[in-house]
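All remarks here apply to the structure that follows.
The letters A, B, C and D name the chains in turn, as written, and every chain counts its residues from 1.
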Amino acid sequence: MLTCFGESHGKCIGAVIDGCPAGLPLSEKDIQQELDKRRPGASKISTPRREKYLAEILSGIYNGFTTGAPICILVQNLDVDSRPYKLIKNRPRPGHADYSARVRYGGFNDFRGGGRFSARVTIAYTIAGAIAKKILNTINIEVLAHTTQIGPIRLSKKIASEEIRKNVYQNTVRCADPEIARLMENEVLKVMNEEDSLGGIVECIALSVPAGLGDPIFDTLDADLAKMVFNIPAVKGVEVGAGFGVASLKGSENNDQFIIDENRVTALTNNAGGILGGLSTGMPIVVRVAFKPTSSIAKKQKTVDLSQMKEVEMKLSGRYDPCIVPRAVPIVESCVAMVLVDHAIRLNIIPKVLQE
Amino acid sequence: MLTCFGESHGKCIGAVIDGCPAGLPLSEKDIQQELDKRRPGASKISTPRREKYLAEILSGIYNGFTTGAPICILVQNLDVDSRPYKLIKNRPRPGHADYSARVRYGGFNDFRGGGRFSARVTIAYTIAGAIAKKILNTINIEVLAHTTQIGPIRLSKKIASEEIRKNVYQNTVRCADPEIARLMENEVLKVMNEEDSLGGIVECIALSVPAGLGDPIFDTLDADLAKMVFNIPAVKGVEVGAGFGVASLKGSENNDQFIIDENRVTALTNNAGGILGGLSTGMPIVVRVAFKPTSSIAKKQKTVDLSQMKEVEMKLSGRYDPCIVPRAVPIVESCVAMVLVDHAIRLNIIPKVLQE
Amino acid sequence: MLTCFGESHGKCIGAVIDGCPAGLPLSEKDIQQELDKRRPGASKISTPRREKYLAEILSGIYNGFTTGAPICILVQNLDVDSRPYKLIKNRPRPGHADYSARVRYGGFNDFRGGGRFSARVTIAYTIAGAIAKKILNTINIEVLAHTTQIGPIRLSKKIASEEIRKNVYQNTVRCADPEIARLMENEVLKVMNEEDSLGGIVECIALSVPAGLGDPIFDTLDADLAKMVFNIPAVKGVEVGAGFGVASLKGSENNDQFIIDENRVTALTNNAGGILGGLSTGMPIVVRVAFKPTSSIAKKQKTVDLSQMKEVEMKLSGRYDPCIVPRAVPIVESCVAMVLVDHAIRLNIIPKVLQE
Amino acid sequence: MLTCFGESHGKCIGAVIDGCPAGLPLSEKDIQQELDKRRPGASKISTPRREKYLAEILSGIYNGFTTGAPICILVQNLDVDSRPYKLIKNRPRPGHADYSARVRYGGFNDFRGGGRFSARVTIAYTIAGAIAKKILNTINIEVLAHTTQIGPIRLSKKIASEEIRKNVYQNTVRCADPEIARLMENEVLKVMNEEDSLGGIVECIALSVPAGLGDPIFDTLDADLAKMVFNIPAVKGVEVGAGFGVASLKGSENNDQFIIDENRVTALTNNAGGILGGLSTGMPIVVRVAFKPTSSIAKKQKTVDLSQMKEVEMKLSGRYDPCIVPRAVPIVESCVAMVLVDHAIRLNIIPKVLQE
């Protein structure tokens, strides 16, 4: 179970992971490696907030192994510049949580950099995801995400998991096809120059997930995946397998017919995305997630001044990614890994003490 | 909080609702009215399983009012014919939970009619939804769902909430546009004759939801909506507001610019679907849900015989809807209502004792 | 996980047990056997409410085995006489929940027979306990409760588990020592004639519980036992092992010194009651529970009339046990069994599918 | 909701409090004040571990007010000396969690200073309690604890809440009666010289709690209090009101007869300890908690060497309190305050945004 704390411009972002089995080898390096995947400053298309995220383990590890006690891991906020945010105190940015948060918390919320609503909170997800992936490794489950769409540029050909492993971190947009990646990069640069931003889609695949994971009802595997993924800021849609495409299919097209392959039950197709009845089927889990374009844009927009209750115009400065999709790739991976490890623990597939 | 029990071919389907405020007037008629909306046998395009669902209140009501104690409501299963299901004991139906459930429960699951994985369990959701809607009524929140796509037929024009209220239950496909409804009905009949089935999309709108509902993180309003809706059998995708469409939008197109209307903050557009930062914005909540085509089709399909581990062909008999989307309309409504009422209770908007 | 519903004078009491492993043989007879242990009308010292409790399984069982789906089991309320309760509508009975419930539920609570606050709700605990004990049996854990005090009569000698097994259901007070049992019975009869009632203490022992059960913190084994047991009406105290006696002990007296017996670690004493650091130690779990005297007594008492806000005198009629302790014995057993099975499931000691 | 992390000899102890209403003024001084109450080194009768606990707020506060986001507060572990603990790696201390934890966590647990099982984790409870008490203050609820027994010395006279407020922090044993306090202090010193330790009892009273708090069933007020308090290390018993004493009372003695006082309903006695049917009655909540004598004593004891599976003798060095009861006083207060604030939030008594 993940508890997280911290704000964009506060002292730090932290994650507390409870329920991690004892006996997992774990070091700050394991965490750092995953954090580096989502680091801004990694490329010309991301925010100039250039700090290095440094993970610090506060508890739960002894002699290099998890102890079974809650693991707290912190990342300090170093390169913080809150000046550009004074503007937004009374002027909610379109597309942001500024307005709804102000109503919810009576104006007491820390609005600097979006505060608790900044994508920066996903540092905590990445930390927990790093641990989840290490646990899943012990039962050979692999979780792989990649960008399939940025703005108008889509990856339409079928991608082998080998290509994801090989190519995704070789380009700045985290696309498994190098050619499409180039197109996506160009698109981002173009829109960046227009002082605008782009949305996109991340696909995540989990391999070697055994059949039977999930707790119907109400904790089905797809429901828990959808819930976790919707907790990532900027997500507006989640689909499994053929997803929204099923609306246009006939049953005879959509049903994955069962066959036997090397004495194991499998299916001719995977429109189910590896989940039927809320339970994993043993086929790859396939989840797709829609991210909206970065809300913070330099272009002029309309908003209201809440202290005067009048309409105003706003031009945001500050440091923003023109497209958050590339950074979302390791975050979606982390979310999927967390849900899978939780269900694997529930189903007794992962022991309470891991033996080396 | 909803707990539910019962199987497709067991004695009954039941719902236990805990945490309902005391003092809500509630009778079996209130429940029956909602159950009737999802009744099969209501039209030529649905399953011939013709029983009337009769709601029976077992607890939690005294003198016509909720008492604050758990409310248990049952619907007996009357018109059950389990004979056609003997076939599937060892032969999992493509697109169904038969295989994954068999692995999960070691073959002990009640497979008759899909057992616990039948859409029949959503009777419990409808019961809880009926209560949730009555509670939401006391704070003027209205939840309205309608069919926007069945197979290739889509509703593309913008629909006013007035049209939903007026038209949805006037046709068998629960579409707010009478002309599109006719096209959808024809499409369903056509596919029915082909012994095949169709999927579709249900849209749900919640009106007058105050700003600030939701508990970030990890119980954001959209995450909880997505989770609840993914617990409906056959759902493969959920989106909020512009949904997957955001992937192709620029920030300047997607951001809903704030304006002031009659001294209240509102926005020019609602691409956010009424949710920003996981909190309601005060604009209508808009959720869209993709349903796969009914998995049970009479057409010949491939599957495997698990007792012999060999591939076989299968032709299903039994009673199935060629398209479950129309029946899903009140169920989606119920799920959205349940999540809204839970968050409204958390936020102290609904008192623990309702005064008449 | 247990959800329960129903009121003393409503239609029924019901239990929904979710998370029970598939593959457990279970019939109504298994439940009935446990229900019969707490049946009133079993002796001259209990309430004349003489109905037989009949358990009816509504879901979760197929072909005589649990399916992994939620199990709902009902007991109808048959011999209900609500007439004597009209009196209490505005006149809260001393020692009862009448007043606090009225405030909490704004007067909408079903007050007849105490409604939701009647000890009758523990039928649901007994049902769940019957299942829990069957599951614990599969890993050889045995749970045994007995009466150690009724009013001034205490069982002071040490009791062997064999005596509990043999004697407890041979007398009406559920005491493991036949001689003390007779004294207790006499005491109850005496107080019954005085139109008064008696409290007492139930001790519960769980044998063969493996070391390591419990989830510190905040779900330690003792904390969960205490919470569950305090949900039994009339409980005013819970202690583990030496309990309140530890206050008067020195460390050197209280510490259970470890020894080795037949190559296993055990201890010379068991002041810990089988729990250290919130985790089971492998020694017997020992829990003691204090029950207050039945609040409903025929003797004249002072109370207030809430409709007139004036003090009045009250003489209760109706049917009451002069001492509920004997009936509490199987209920405490059930509560302890439920907590142990939950923790055994968490710790992977009980598989998700039980093989015959 | 409190999540906590950290070990006795790790880097720090931390608390994450989620769900705290926005708008509460909160500073490190507020926390420090409560931490100082439980500080060792405060007197000659407590452990020589002399560090000052310094609370550091990491998140959830902005401009001096809670923001509604999770509040993380840390206390660094400074004066740590792990050398004496090498001994216990294979030799579990009698009365400690060393053995059960080793079994549970497969030996991966951080055993130094008891690790996660040290009373030091209650720093987190004190932090959360400090916040809980500030919230309760806004609705005039006051929580007061004091020592009523240490070893053979008992406080038997009735104590007014005024005496608790005035005297408890004037002596080292946290007793409300100065004379009894002196006797207790002497007793502790005596046993200290014998290289032994003492247990005792802490009583906690909550004043001005409105009637109706608690969620039956299964989250009754007494059940939640018992669970929280049993999560304090060394607790072996919890009782409410007359507690275990009820076993010897008759109904006519135990029932608190209702009266009217200044047009409010109250009762002649408070054997119920302010809770009936799991709901608060409006009378003072009274909880009593039994603490065992400190397990770590310098006296020679028997234990086993687990690496050699043989019996050995053990003499503990290290720094221990001869009696932890005085330090437990603010911790019990904190636990009771946390439970009350949670139930007050559930019951809408505390708003989501506190206005100054």
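Keep in mind that, in the parts below, contacts are C-beta pairs under 8 Å (C-beta built on N, C-alpha and C of every residue); 3 or more make two chains touch, one makes a residue touch a chain.
As the structure is a computational prediction, the values presented were derived from the model and not from experiment.
Both copies, chain B and chain C, contribute mostly matching positions to the interface they share, with over half of the numbers common to the two. More contacting C-beta pairs link the chains of C-D than the other of the two pairs C-D and B-D.
Ranked by distance of CA centroids from chain C, the top chain is A.
Centre-to-centre separation of chain C and chain D, using mean CA positions: 27 Å.
With centres taken as mean Cα positions, chain C sits 39 Å from chain B. Centre-to-centre, using mean CA coordinates, chain B is 46 Å away from chain D. Chain contacts: chain D has residues 4, 104, 116, 352 touching two or more partner chains.
Contact residues of chain D toward chain C in the complex are 2, 4, 92, 94-97, 99-101, 103-104, 114, 116-117, 121, 149-152, 191, 194, 196-201, 210-214, 216-218, 220, 222-231, 233, 235-260, 263, 265, 267-268, 271-273, 275-282, 290-297, 299, 301-304, 306, 309-311. Those residues of chain B that touch chain C in the shared complex are 3-7, 10-12, 14, 16, 18, 22-23, 58-60, 62, 65-72, 74, 104-106, 108-110, 112, 115-116, 352-353, 355.
For chain B in complex with chain D, the touching residues are 347-348, 351-352.
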